[in-house]
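Same chain, two partners: subunit A is paired with subunit B first, then with subunit C.
Let's look at the complex of A and B:
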């Protein structure tokens, strides 16, 4: 089976004081048709930047993708294609939903107007009436009651959960093959979070859409993802099936993340937090980027960046602990 | 398709779906909501009614039983308000004030609206382009606007009229050019704010192009401050055009125009104050009604106001 999205050796550079600094580097992953890939990591790990680069939405005045990076969607390269070509892919082939549903709808336009306009942008031959029919059925699919009335309402009249449903409806209304969800539930209540995840999951099955779910919430990942990719400081540190990651996490960072989830069963007074915080791109260590915060770090970790080491069939970790030659 | 299953799913996902009836009556459209809000707002209704009356009066000037506004009758000069035959008196050449006010209003109001229209269109386009594309466009456009703003506006307007030649049309062009930076700045600042909002990114992620985003998404968000600015500015433009006429660069006597009337009347302010007070009052009332209308429109067009 060929991958729907194949990203290889992605490097993203940001301009800082007239100089380009590498933030995300060496990121390689793929998304198969119909599957859900979770991308996990702390804030500032490059998760959102990676997804924006796939959409070609990085701010072009101070960021760029390096030459050796390749992003292939359905066998087509997405690096260096024109804005016009990208426009036909965005929304129609790859759609994206964002973290904050409160601000991702235009406050002065009605829901119906925004949705109709979006559909007709991709399918100009549709009449307004036909587009309206589509959005009403789409809104019903995402579980919005009184869809006929909602289309004449403004975003501020709706709750966050409703708006996120609308964003999902909007993103899926042109039948994209890949949906990138950038922390879709972070700004929502826990109960609504569960509903939205449930919704994404059911719609994914119905439309056979692949989903790239970006989150810092491991519980969300456990709930919906087939495969998981853990990112730290712009690199992929571990990748594998969701079960592998949760049951046999290998990379110290993943283990740290898993340990910092409070458990209901064990009554512990202190949570294991990973000490320190993600370094800024200028301060990335020359060796393993996680070394300064790693409990197992040795001399070698500080000096040489580790490669991807295979743990099992689909399970990789970027850590010297799992290399043949070992940490020392 | 599996409609049965889908329906079940909907019920699970959202219990309210179950309670929903058949296709209900559609909610009010945005324009209907705006009209309702204006009707509820007393102050703006006063403005609308006043403006409507003024416009009716100006439009109907040719059919109203008015005296010729330029007919001189030296025997009846400087008659006070309430003189039989001249309800609002006469000016220093014995011309009927009421007739001159109404005919003059036509000229002044048309100048005000068209000048604002020209400034609004160019200023908005420049502001949107500068604010959205930034960098090169922003620098070139906004520095040019700064140059325009650096001149005292009267001086600039006089310079433009000097280049184009005096007259009503050129006055209009001059005051509108002077007004462009005002709109460009307002629109640019709103654009700068909205271009970085998540909905713009979301729209791009859904495949919208730059012009589409500018016209359909950013421009409507810039409207509330623009409407208020424009409604205030119509009054300002009327005053500016009157000022040019006052200086003898705009409307030329004997044509009735409020600025001309003011400037002619000020010489007789001690013996016949009505000759300058009446056009002044007329300008005041038109500007006031426009401001009330502007405030009302801003509130009515803002979907967030209740």
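Let's look at the complex of A and C:
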């Protein structure tokens, strides 16, 4: 099976005081058709920037993707293509939903207008009427009652969960092959989050869309993802099947992250917190970026960045502990 | 255990004004008839979805917002009838930790100034003693003494929340109302702050009213847990019994909706239909009846009482 999206050695630089600072580097991953890949990490780990770079949405006046990076979608490169070419891909081939549905919808246009606009941009031969029919059936699929009425309403008239449903309907209305969901449930309450996650799962099966789910919430990832990628300070530290990550986490950061979540099922008197906090891009350590907070760090970890080491078939960790030569 | 705080039939209605003369057209019942007791040394967790009134309840207890009616009795004195000056000594006893450490610290003051301000207001200690107290507290919350001359923007989110906690501790209160103290923080930092708050509770014999929306954090942190829905308390019980055997249908749904960081955990999930109704126009009878799968006729008409169904276990539901 060839991958739908193949990202290799991605490096993203941001301008800071006239100099470009590398934020995300050495990120390699792929998304297969129809699967769900979860990308988890804390704020500032580069998960959102990675997804924006795939969509070609990075601000070009102060950020750039370095030359050696490749992003291949269905066999064609997405690095350095023109804005016009990107327009044919965005929405139609790769769609995205964002964290805050209020700020991603236009407040002065009706829901129907925004959705019709988007469909007709990609399929200009469709009449308004036909496009409207498509969106009404789409809205019904995402579980919006009285869809015929909703299309004449404005975003502020709807609740957060409803707005997120609209965003999902909009993203899926052109039948994209890849859906990038950036923190789709973070702004929502748990009961609504459960509804939206169920919805994403069922729609994915129906349309056979591949989903890249970006979130800081490990529990959400465990719930919906086939494969998981853990990011820390701009690098991928561990990647594997969801079962590998949650049952047999190898990287000290993943282990630390899993241990610092209070459990709903067991009683523990004290949480194992990871000491310190995430460094900012200018002060990324030259060796392993997790070394200053790692309980197993040795001198080697501070000096040399580790590579990806294979643990099992699909399970990789970027940590000297799992290299042949070991930590010393 | 000794009673520290007694809240009886507390109500807070916010008027909704409309038109040229700002006439009150309706009311938002943010907190509607809530009663509970807080015992010394315990942590009472308050959970509920956004808009359920948990934050308003916390602020009304502290008298930051004056309640519409009802009583808040702290160690035998009724806080609700007091004016600003009479309340001042009690402000020393009850302190608050806010959610957003970015917004709750004054960006133009150094950490030292922020931490000394409570002493100036209450006219405590000499200048030298104040300095010493600041250093001492900073160390307690895991910050460096040298950091006292820095400004809030120089700290990370977790450190800033530590400053917020230090500020709440300056006057050695007995009760701390913590309104979503860890929800703005990353998971790894969140665990650090939770551990810190637990350590401080032991050291200073603190009582917490812990307001949060994250059910697993509340479970980890609290002794008892109260669940709120649309301004009302629907269930209040010991942590272990509430999480093991929730009684109220809303609590059941809420608990089942929480995702667990485990692969293939087969839990039965109750997915609630629809959204939380607007508190401006709540449903009649039991406010949860529109989304409840056990809804009976009586639920639509009569409001269930918040009553003790088992020892120390309160539920507001017609099923019990």
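Odds and ends about this structure:
Simple rule for what comes next: the second predicted complex is superposed on the first by the 326 of 328 C-alpha atoms of A that agree within 3 Å, B and C clash if a C-alpha of one lies under 4 Å from a C-alpha of the other, contacts with A are read in each partner's own complex, and residues count from 1 in each chain.
As a convention for this text, contacts are C-beta pairs under 8 Å (C-beta built on N, C-alpha and C of every residue); 3 or more make two chains touch, one makes a residue touch a chain.
Bear in mind the structure is a predicted one, so any value in this text is a computation, not a measurement.
Once the two complexes are overlaid on the shared chain, A:223 sits against subunit C while remaining clear of subunit B. When the shared chain is aligned, no partner comes close enough to touch A:286: not subunit B, not subunit C.
In the superposed model, A:242 lies in contact with subunit C only, and not with subunit B. With both structures placed on the common chain, the touch criterion links A:208 to neither subunit B nor subunit C. Of the two partner chains placed by superposition, only subunit B is touched by A:121; subunit C is not.
When both complexes are overlaid on chain A, the residue A:195 reaches subunit B and subunit C alike. In the superposed model, A:42 makes contact with subunit C only, not with subunit B.
Of the two partner chains placed by superposition, A:310 touches none, neither subunit B nor subunit C.
Within the superposed three-chain model, A:170 lies in touch with subunit B and out of touch with subunit C [touch as defined at top].
On subunit A, the surface touched by subunit B in one complex and the surface touched by subunit C in the other have residues 195, 198 in common. Within the complex formed with subunit B, the subunit A residues making contact are 55, 57, 61, 83-84, 87-92, 95-100, 103-110, 117-118, 121-122, 140-146, 148-149, 152-154, 156, 167, 170-171, 174, 180, 195, 198-199, 202, 206.
On the side of subunit B, the complex with subunit A involves touching residues 6, 9-10, 13-14, 16-17, 19-20, 23-24, 26-30, 134-135, 197-199, 201-210, 212, 216-217, 220-221, 223, 302-304.
Touching subunit A in their complex are the following residues of subunit C: 49-50, 156-159, 186-192, 194-195, 198, 213, 215-217, 219-221, 240, 243, 253-265, 269, 271-272, 275-276. Within the complex formed with subunit C, the residues of subunit A that make contact are 42-43, 159, 161-162, 189-195, 197-198, 216-223, 242-243, 246-247, 256-265, 267-268, 270-275, 277-278.
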